[in-house]
Structure formats: structure tokens, C-alpha cells
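Pasting the structures here.
Two complexes come next, and they have one chain in common, chain A, joined by chain B in the first and chain C in the second.
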Partner chain A sequence: MNTSILKNAIFVFAFAAYASAAMAEGSASDEIAKYREMISDGNPAEFDEMRGEELWKKPGGPNKVSLEKCDLGKGAGVVKGAYAELPRYFADTQRVQDLESRLVTCMTTLQGTAEKDITAKPFGGDNYKPEIESLVAYVVGQSKGVKMNVSLKHPKEKEAFEIGKRIFSYRAGPYDFACSTCHGKDKQRIRMQDLPNFNNKKDAQAAYTTWPAYRVSQGMFRSFQWRLNDCLRQQRFPEPKYASELTINLTMFMAVNANDAVYDGPGLKR
Partner chain B sequence: MKIFLPIAVMTVAGLMAVPALAADKTAAELDADAVAIIKRDFRDKGIAKVERVNQDELQAMCTKYLDNPPAKEAERLQAEQEKAIKWPADGKYLGDWKAGEKLAQSGAGMTWSDKPDAPAGGNCYNCHQLSAKEIAYGTIGPSLLHFGKTRGNTEAMQRYVYGRIYNAKAYNLCANMPRFGHMGILSEAQIKDLVALLLDTESIVNK
Partner chain C sequence: MGNPMKIRASIKEGVTEVKVLMQHEMETGLRKDADGNLVPAWHITKVKAQHNGKTVLEGQFGTAVSKNPYLVFRFKGGAPGEKISVSWVDNKGDTRTDEAEIS
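Our next item is the complex of A and B:
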């Protein structure tokens, strides 16, 4: 584990030095592309994937059982390719779930962990790495190379997509922002950061298939729920409840728009 | 404004495979569901309270028409926004451009990670090019480089810029620019500093 921390530090340092030297030439995402080349295929998210795999397989929670019976949509225990088909409708809970809400379901029903113990602090910080985040890294890594195939067959799935689309353009708050203020037109930037347009299939595909991701500037793996949480902060909105229907519907909207692209996460971001 | 038309076209072309509506709910029902979920699934954090998701009439209209409202309704609301602008009592619009540049650089303000007593910045560089020296600028808004040099520094222009910053929606109902004065984000003095940043002949924006 020590080597991984050291390695993380090196990654962060290399990026900081590199980005500041090269920033003058282009947008932040150009720089990330060059940085990725420089570290030649390495992604520190691999450490999170390894920790997540361990957590998935070892007995845990008050019930001391593993998550190997967890059904992520392709049957109990099937992890391979599962993320590329999420969010989806689950008959047992009778609702559409994204990966993180589904992990909460499995951790509570199989392992007996109290829901609030998972959702109270679901994102990592200094010296704190929640289990659910590493589990996310493991599961999404098992869809690398799989084509995105999120279904709209079930009426609840269609509904989640339609509602997500509406939430995406809902303007409110002191700045009158919606998601679409920053992500509704092609080729826009905030400062140097390129903003994907989620109404444009190509942009949606490129963005969605590279999240969750290791964020170099924070030296940390980040889940998709974290991404939404931080964008809503920048939107000057209040905080979305973790793995709520609100966040699942938004995710459904973006995931469907990313269909047919090959999933390529965990990604590597600024 | 017509700039959102291409998006509508793109949505239809790019996402053709997606059925327009859920089988069992009307568009109006889905609208209502979306609002109910938004009202339920947020919680207070720091200065960002749940009340923030309640829309005023303008926000509701821009949401409903995807930023392209019918002209008649837009005109009425736009006129209301204009009437509510509080113009400087002393009739002066130009402040200190250097203070304005500092404000323009700052992206702080109004998020749940901002402290209650911390002053908000202008966020201007987040969306606009302003001075030639600052290359880290955003493109959500038009470039304002050499704004005063090209538009002049007349009193009418000063008043226009003051009004735009105070309430961009008085000029274009669903503009993507925040209403800095109207929403109490920036003070009268701060807006004057920003007017100077754009129009003062000495300002770096005009160099």
C-alpha cells in the first residue's frame, strides 16, 4: 500500500509540472492526453480496482458474507460487462438503479450493513477511502472494452431517461444554472476545461465512457456520483442525496446518450 | 434568441433511437415528476439550502421552453427584469478597473464550499475572454477583449454594460449569464469596477 501512495504522489507531481509547462498551448484535455501518453497506459485507479476486488470477494458487514451473490443486472455474481448495461430496472427493488445505488442494495441486503453507514460519507477524502468507492472501481474495470448497451425497454427505464432529460435542463439557484448551461452546446469551455455537450452523442460517449476516473489533481479515484455531486456544487445547487432517484435519472440520461460506444473506464482526468 | 435551435436539431438527429415519451406517462406528468424529485432529493449543505431549487417565474419559463420562450411572454418578463434594475443613485457607472480585474478573475461564490461571509467573485473569466494577458478563459459567453476600444466609452455604453452585469436577463431572457445585481451576488460598487474593466481606456481589456 505504501508503494501505491508513493506512486500516486509521483503521478500528481508529474502532472502538475507537466500541465503548468504546457498549459499555454491548449485546453486542459489536450494536456491530459499528453500526460496519459507520458505515463504510458498506467492508471493509479488500478490500486482501487484491486482493493475493490478484494472487498467484493471477502466476507464483510455484520453478516460476514461476500458480495459474490450480488446481482448487478446480469445475474447473481456476474460482474463482467455489468456496468455497460447500467442503470437498469431491477425487479427485486422495483426501481431503476445505477451502480452505486445497486451496491448499496447489495451491501445492505446481503451483508447487513446499515444504509446510512454507507451513504453518510460515500466519497474519499484525506486519509479516508470508503469501501463503496473501491467496489465501484472494481466493477467498472470489468466492463472495459464492452460496448455501452443501456436499455430503454422497461417503462420505468424510459421514464428515468425522460425525467433525467428534464432535470438536466432545470434552471434554478442564484446563478440560474442548469446542467445544460455548461453542457448543452458544442465546444464550450470554463477557463481551460472543455465541457462535453451531453445532447451531442459523440461528446456524451467520450465523457461517459471515461468515468468513473482517477483525478490527477486530487490524487484520488472518483465515482460517477462524485462527479454529479461536484457539478451540482458548481451549479450553486444544494447537495444531491447520494444515489438518489435524482442522480440515477440524470445518469440514465447520459448513459443512454452514450450507448454504442466502447466503455473505457476507469478513466484518467485532470 | 435562436442559438439553442441547433441543439434541438442535434438532439433529434443524434438520439433518434430514443422514443419520445415513456409509454404510460404524458409529457406533463413527466414534467411534474421531475419537479417532485428535484424538490425531494436535495439537502442543505453549507450556505446552499434546498430552497434554491425553487424557481422564479423566469427560471421556470426558460426551463419549460428550453431557453427559447415564445416572444410575447419573453418580452413581458424581460421588461419586468429591466424595471427591477437598481441604477446607481449618483448616476456614475465607472469604478476602478484594477479592482474589476480582481473580481473578474475570482470564480468564488455561492457554492456550498464557500463560507457565508466570503465575498463572491465575478466568475467573468470562467465564461469570457477579457484581457489579452489571461489565456485561461472560458467560451460560454462571447469574447469581451477590447470591448471598450470597439464599443466606445460613452455614457450610454456605460449604462448598457452596468445593466447587462446587473441583470443579463433584462436584455435576453434566457441568457446563460447570471444576474449579478438582481440576485445580490455583486454590489453596486463591484459592478461599477467591472464596467470600468470593460470600458476604461486604461483597462487591460482595452490594451
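Our next item is the complex of A and C:
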């Protein structure tokens, strides 16, 4: 190996070696913050955004049309800033929808794809990357830097928020857990991770505005539906249906709590 | 041919900082799939960065480097508008080269 060339170069193999650094001075969460800082410029979610943009603009589904006519709430085809106002009530479907359920609507109505083909395996895995996941990356990326502004004007929106709030503190399952068991007080942790307290506006904003995100430990971009699905799994709740009413209501509750914060996704998580 | 890289290069006080985000599976060869079969090793082996055709960094990558590797390095010199090119080779012989301008 030609070592002389390395003389003026400094390597930062950020994704490879953070575990050993965690033993150094400072608390574990300081080290995690340092690690996040180190990798913040190199978010592989950008690749998902690129793929998502291509998919958005390319004719697809049995109807061979693109999603460029898809109305995400700000008019047909408007992607910029759309995520910062979701979930919202949609008159055509007569219900409150989050980004992912709305994408399902567009993919079924515009492109003619069968709903079950989208919702059967909506999350990525080994050698498998569903289109909807990349579309999510693209759409949320177009709201980066936009202030969260989720409305509660429509009665259905208000209703979704209220139900979401209840679900958040609804205790059930073999462990008698609610979301609020871990996310309702300060200084709760799961393993080494500090958990956001959703009763605290700052925490609620910071958490919501950095999801969806690229998960380094999984080497994959993860959507908000995935986030909720995995939270419910850890609570030992039954697996929710993809883009179901329960998950939309919960999203509504969390999104409204994040209002006025600047959206900063796709995020980068350990 | 592999998937494109994202390269950003900027100069500050005579030192150019280059940030490279590569797309690669970086399989270690130690992982098993759902059927219990080993997933064959597939990772970048060599990385080379050039500034105006002159090599400024050469490195060997192995299985310890994560999926979608992110590499940051600095070198003395460079000027706005000049070209940085980064290329990698993996253990299957696949290769990818991308370019960026220093800003």
C-alpha cells in the first residue's frame, strides 16, 4: 500500500467505528451526539430521495402514468412543503390521511396498482426496497427547511388528533405498555438511547422533524409508518395494518405536537 | 457498474475537504440469509481519489467498513472549479468513478 500518499490525508470512517468511541469520556448520549455530528453530512437517505424522485416522475403501474398529478394536499403535483402539512383531511377520500396512505391512494387511483401489492410488504428488507419507501424519502426531502404547519381546522382532523392522543396513552398488551410509558416522561431510555418525551414540546418537535430517517444500524431508509410499526412491536401490540387509521391518528397527534418546528428530514439515526 | 457516489469538495484556507458518500452493500461474507446460507462477501477493496489527475488518496477497504461508506479527507492545495475524482473497485471487479468540482 502506498502509505506516503496518506501523509496529508485524514480518514474518518464514520460508519465503521463508533462503538469503541462510546467508552471514552462523557456520557453515552454525548458520544452519540458526537457521532451524529460526524455523519450528518453523509446521509445515505439522499440516494433514496434520488430514487424516489425518479419513481415519482416515471410512468408506472398498470396505467403507465407518473405520480406527477398526485395531490398531497397542496394541489395536484405539488410536492414542495407538502409533508410539513400532513396528515390532513382530503375531500376526495373523505378521511384524514398521512403521507403514506395518501401515496397508496395516488398509486391505486392514478397508476392502477392494487392496494395489496403496495401494503403487503411496505418496508424494506434484504435485497428488497419497496417503491413507496423511496417515494416517501423524496416527498419528505422536499419539505426540508419548511415549518411544520399541520391543521386542526377540519372536524375530522380534530377527531384524528384526539383519538391519536388517546392511543398514545392507551395501555395494553402483555406488558401493559402505552406509548407514553416510555415517551411520557423525561430521561427514559431504551438501551443507550435517550427517548423523547412527547409531553415536552422541544422533544416532540425534535423527534418528529427528524423522521423518516436512514437507520445506520440497519443500513436502510425507514418511513414513519415503519417507525410506528416498530414502536408498537416493542410494546408487544398486535402488528398494525400499513397506513391504518390507528397509525394515521397517532401520526396526527405527533405531527401537531411538532407544529412550528422546522422540518429537517430525512434524518440520520444510529 | 456500481451506483453513483455523492461527492462534495470545498476549499478553506488552502485545504480542500472532500466528502464522499458511496453506495455499496459491503457484505462481510459472514452473514446468513433467511435460509441459513452464507451471503457471499461483496465489498469495496480499493478507493482512490485524484485531484487534477494526481492521486491524493489511496486506501484499502475491507469488511469492517459499513454499508454505504462515508469518507472524509483533506489535502493541501486545490482551487475552486478544479476537479476531484473518486473511484472504487470491489471484490467482484466492479468499479465506479465519479467527479465533482471544488467549491
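As a working rule, the second predicted complex is superposed on the first by the 240 of 270 C-alpha atoms of A that agree within 3 Å, B and C clash if a C-alpha of one lies under 4 Å from a C-alpha of the other, contacts with A are read in each partner's own complex, and residues count from 1 in each chain.
By definition in this document, a residue touches a chain if its C-beta (ideal position, glycine included) is under 8 Å from a C-beta of that chain, and two chains touch if they have at least 3 such contacts.
From a predicted model like this one, the values you see are computed outputs, not experimental measurements.
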- Pick one for A:262: touches chain B only (first), chain C only (second), both, or neither. neither
- Task: Identify the partner contact of A:47: answer first if only chain B is touched, second if only chain C is, both if each is, neither if none is.
- Result: second
- Task: Please determine whether it is chain B or chain C that touches the greater number of chain A residues.
- Result: B
- Item | First, second, both or neither for A:114, with chain B first and chain C second | neither
- Query: Touching A:78, do we find chain B (first), chain C (second), both, or neither?
  - Reply: neither
- Query: Which of the residues in chain A end up touching chain B in this complex?
  - Reply: 23-24, 152, 155, 158-159, 161-163, 166-167, 169-178, 180-182, 184-185, 187-193, 195, 197, 199-202, 233-234, 236-241, 244-247, 249, 256-257, 259
- chain C contacts chain A in the complex at 3, 6, 8, 19, 21, 23, 33-34, 55-60, 64-76
- Using the touch definition up top, name the residues of chain B that touch chain A in the complex. 3-4, 7, 10-11, 14-15, 17-19, 21-25, 30-31, 33-35, 37-38, 40-45, 48-50, 52-55, 58-59, 62-63, 66-67, 107, 110-113, 125-127, 135-140, 169, 176, 178-179, 183-185
- Task: Enumerate the contact residues on chain A facing chain C in the complex.
- Result: 1-2, 5-6, 8-17, 39, 41-44, 46-47, 126, 216, 219
